[in-house]
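Structures are listed in the sections that come next.
Across the two complexes that follow, chain A remains constant while its partner is chain B and subsequently chain C.
After this line comes the complex of A and B, so read on.
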């Protein structure tokens, strides 16, 4: 049977049944499980080494099916972020003092250490709601809402999708559109791009809130190739406009010959930065295109899930993501799933290490390591089992390793040998529980 | 299809929000749920349903020597001319045999001579299996509608099709006989005659695999179409930790490896649902992949 296309069995069977019974079916089948609510819950810990970002996240997703395959989905995520993250300045042979984003105090980084901002602390609450509705036998529509709330950031979004089955349901073509409006309201105001970091209490470089609009569109095809193979191909487009700068990141202003940061002296009687720093500036428009392809291959109970994504944008970042998972059953009630992911990206065209004093500033600049040139590997294992009550549990543990490099032409004078890409190691542990009520 | 014949009687009771009728046919408890509060109307429909179920049982049960199947099985290699309905069932069996590359075979019933699935650990002698296998194989029969020729020593058994076929036949009869919605449920294989009016869907439960498993019943809502379940909850052998399901591969004469404990499939008709669940069982380890590939709704228990 394995060499027959799936289509032939159902279609042939339908025709044979029709002639056996001497009549066509009265109506297409409408049957589904009535589980009340189906809940997917997860507790996730993400921890970066060296006291960098720690994230504890609780996720609850509830889905309720109604007759005719209509379904309501409600989601809640609560996140707590703590820890330190690189603030964008370069290392110095002397201690460096920075004004906190709030503008109300300072922090000092010892000599030769990578400047990290340890004020990173946030609680995020995110809500999603969605409604799926089939239209006839072949069409399916969905609409949804998303919102997330942090003390300095608000996201509100709407999305809609449409899909149609073809070719005896062996082919599904889908399209989706999402729009979002995000608002930054950082404590102490949003920095004006390229404005200098000022002394405590001086808010001359800050404005009020800033917004960002995002439009995402996706077009996809899912195709059943054979009994054992399912493939998917997606193209997505994303356009963001507005304030795309990170209000907490800045760059060191350096001497063009030595590459050392220009020192400054705070006004008498107040605390302030020990060196010259300029808030980063990113373009107010970003367009991304990506192509995603995925294959799921069933091999006698085992499932291989392989995907690849290519993304390119007009900030000149190109990225490649390869993701492999193999679900391997152990007995009848449990499975293990090794996971491997490789990611690589090139740096943004305005990515740099520092700004040079006395030279006209570029149009845009950021030293955010996430816009740099890096590779990342994720490797992990998931173990899942079915409880006696028929619910599903799983535990996942993964290691994440990010390694980058700074293009040599961006380094000036003493920066050579001193500045390195801030490599990152993190662990991810997730516990999931799925149950119905 | 039926061993000892229970008394043929129909009961009609008032259920919570529908009329419930019971009778026994084809070795299964048969139930009708009728969206009506009219007891005499329910009794009339139950009569129609039971008559059709018993007619099919009488004609195709392999336990009744003088009926159509009995005549074929006693033919000792002689050609038998069959009627339209039997011919349609044989055509269907042939299609299924082709679709399943020989895994679905109505001549495989004689394997029961060597296999007894009673939860015990007695496996048959491989020699005995090979010897019985000589008398199995749709490719050994001659089927030229309406003439069927079975080799001496072979038997056909329509039990793998009969119950689902009966459910669909009864559903058609009830659809013609009444405007109200009904569920025709023969031992878990069921069909809805037409869309219910007073409720959005009928609610039916799929049995847990075994009673001592605490897994809750799955409740399904069905507004149109049919459900059928294949399973081996009670019929299996256990030897040296290996569970042998009662699903035999007629090509080898041995149980299919890795068959789920039960598979429930939803389809437009009970016959389609039943055949898809049977074919899925025959796929063994690949049952879920097969059903996913078919794009049908299913509930699989392992």
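After this line comes the complex of A and C, so read on.
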């Protein structure tokens, strides 16, 4: 409201604006007199090449508005995951046999192939619940719960947020805090860091469950620049403590001259690993900082959504993420939206591809490709339309590609030329349906 | 970068932006475009959550737009 506007007119406009906008510039338009549920649903297929991870995911998010802009949000996600994933060992010129995580059988990888563990099967059910409520005219608060349940992993979290509008609601300052307690209960037990992979039936290297605690904090400013331009700037802090290791990943123990993995012979009459492997070990503390900025720009019907994120952490990983979407209307009822995303990260300071026999082990080591040095590109297209009943549908198809490199100083002997980063190609296909009841 | 210094610089940038923003913006009756669904910062919360989950599972970074995501033992 401004002093230049006659009081009755400004009051009317303010009331109309508030009822249209909710209390924050970023809130979705929602008429208060509509007491029904608004549902966002999506069916997703995510598939990696070479029979790696496949995910079929059903997502439902329901939101119900009450008077005074109070809103309840309930979410459900069910993921069905299958496929193979790199186990962390390097390639060899001979077949390699590994004990499965369960410790009950083995699997063999042919010579010169990237070792993948194909026992990866899981169903994940994730639930979220949230409540938003204005506090007076300018403040808004929210509280939420999140839970995620897998066969071997449980996540429980709480979050809360507070925001306040300034400058005629052109500026919104927000703060959020989330805490989580996650628990690992891996198939076959949690391996002791750096312990050797053992023969089938030998659980001497396994312990019980492990936990990690995560604290996330976000501080943000959202600013209306003009009728066509909205920007946001966030600073995020995240600290994880506890068991941050991946219990299913390990490293090859190699000869310091040849770089080949040391061979081993299972106990008589028992199946077991053909080579020496050591379970990975990560620090039990990680602190991440990130700055995220996003702009929404309206250009005569088209909307550009651009964001950039810089992240740095005390594992010495730095990353940059650029994300661009352009929503291009086709007539009144439909649109297309090309999407491009570029991501690049440097490797963690304890990232390596193998451990050397006879040399004192480092404090921490992981060959998880996700902690390595790589770039990733996502390119895709979405087509959306409004149905006769006023509901919204969309379908999107995207390609996700990771290309990495192993720092030359990590390669030993025969590893040069044989060992390459496990590049990844994946497709994302999603069908979304939004409706009200 | 030193983490504490990073936090201080980040906070200072936020404060500077906040104070500098007081002269920007629109009048309440100029919000027709900003009120459109497609002009919200998150136009599709489900798609945003899906993307956050995919990238959390495959990359070493997460969050930024909101909380760090996660809550999975993703392989």
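Some notes on this structure:
In this section, the second predicted complex is superposed on the first by the 404 of 437 C-alpha atoms of A that agree within 3 Å, B and C clash if a C-alpha of one lies under 4 Å from a C-alpha of the other, contacts with A are read in each partner's own complex, and residues count from 1 in each chain.
The rule we apply is simple: a contact is a pair of C-beta atoms (placed from the backbone, for glycine too) under 8 Å apart; a residue touches a chain by one contact, two chains touch by 3 or more.
These numbers were taken from a predicted model, which means no experiment stands behind them.
Contact with both chain B and chain C is seen for A:169 once the two complexes are overlaid on the shared chain. In the superposition on chain A, contact is made by A:124 with chain C only, not with chain B.
Touch criterion met: A:298 reaches chain B and chain C at once. Using the contact criterion defined above for the overlaid structures, shared-chain residue A:389 touches chain B, although it does not reach chain C. Looking at the shared chain after the overlay, A:224 reaches both chain B and chain C. Of the two partners chain B and chain C, it is C that touches the larger number of chain A residues.
Of the two partner chains placed by the overlay, only chain C lies in contact with A:233; chain B stays clear of it. Judged by the touch definition given at the top, the superposed model places A:46 against chain C, while chain B stays out of reach.
Contacts of A:428 after superposition: chain C is touched, whereas chain B is not reached.
Of the two partner chains, neither chain B nor chain C is touched by A:285. When the two complexes are laid over each other on chain A, chain A has residues 1-2, 10, 13-14, 17, 20-21, 25-29, 168-170, 224, 226-228, 230, 298 in contact with both chain B and chain C. Contact residues of chain B toward chain A in the complex are 88-89, 91-92, 95-96, 99-101, 103, 165, 168-169, 171-172, 175, 193-195, 200-201, 203, 213-216, 218-227, 258, 266-269, 271-273, 275-276, 279, 282-283, 285-286, 288-290, 292-297, 299, 302.
Residue ranges of chain C in contact with chain A, taken from their complex: 1, 3, 6-7, 10-11, 13-14, 17-18, 21-22, 24-47, 49-50, 54-55, 58-68, 70-73, 75.
Those residues of chain A whose C-beta lies close enough to touch chain B in the complex are 1-2, 4, 6, 8-10, 12-14, 16-17, 19-23, 25-35, 66-68, 165, 168-170, 224, 226-228, 230, 298, 300-301, 332-333, 388-390. The touching residues of chain A, when paired with chain C in their complex, are 1-2, 10, 13-14, 17, 20-21, 25-29, 40-42, 44, 46, 53, 57, 59, 61, 75, 77, 85, 120, 124, 126, 146-148, 150, 152-153, 155, 157, 159, 166-171, 173, 176, 178, 180, 182, 184, 186, 214, 216, 218-228, 230, 232-238, 246, 248, 287-292, 294, 296, 298, 303, 305, 307, 309, 311-315, 317, 319, 321, 327, 335, 343, 345, 348, 370-371, 376, 394, 396, 400, 402, 424, 426, 428, 430, 432, 434.
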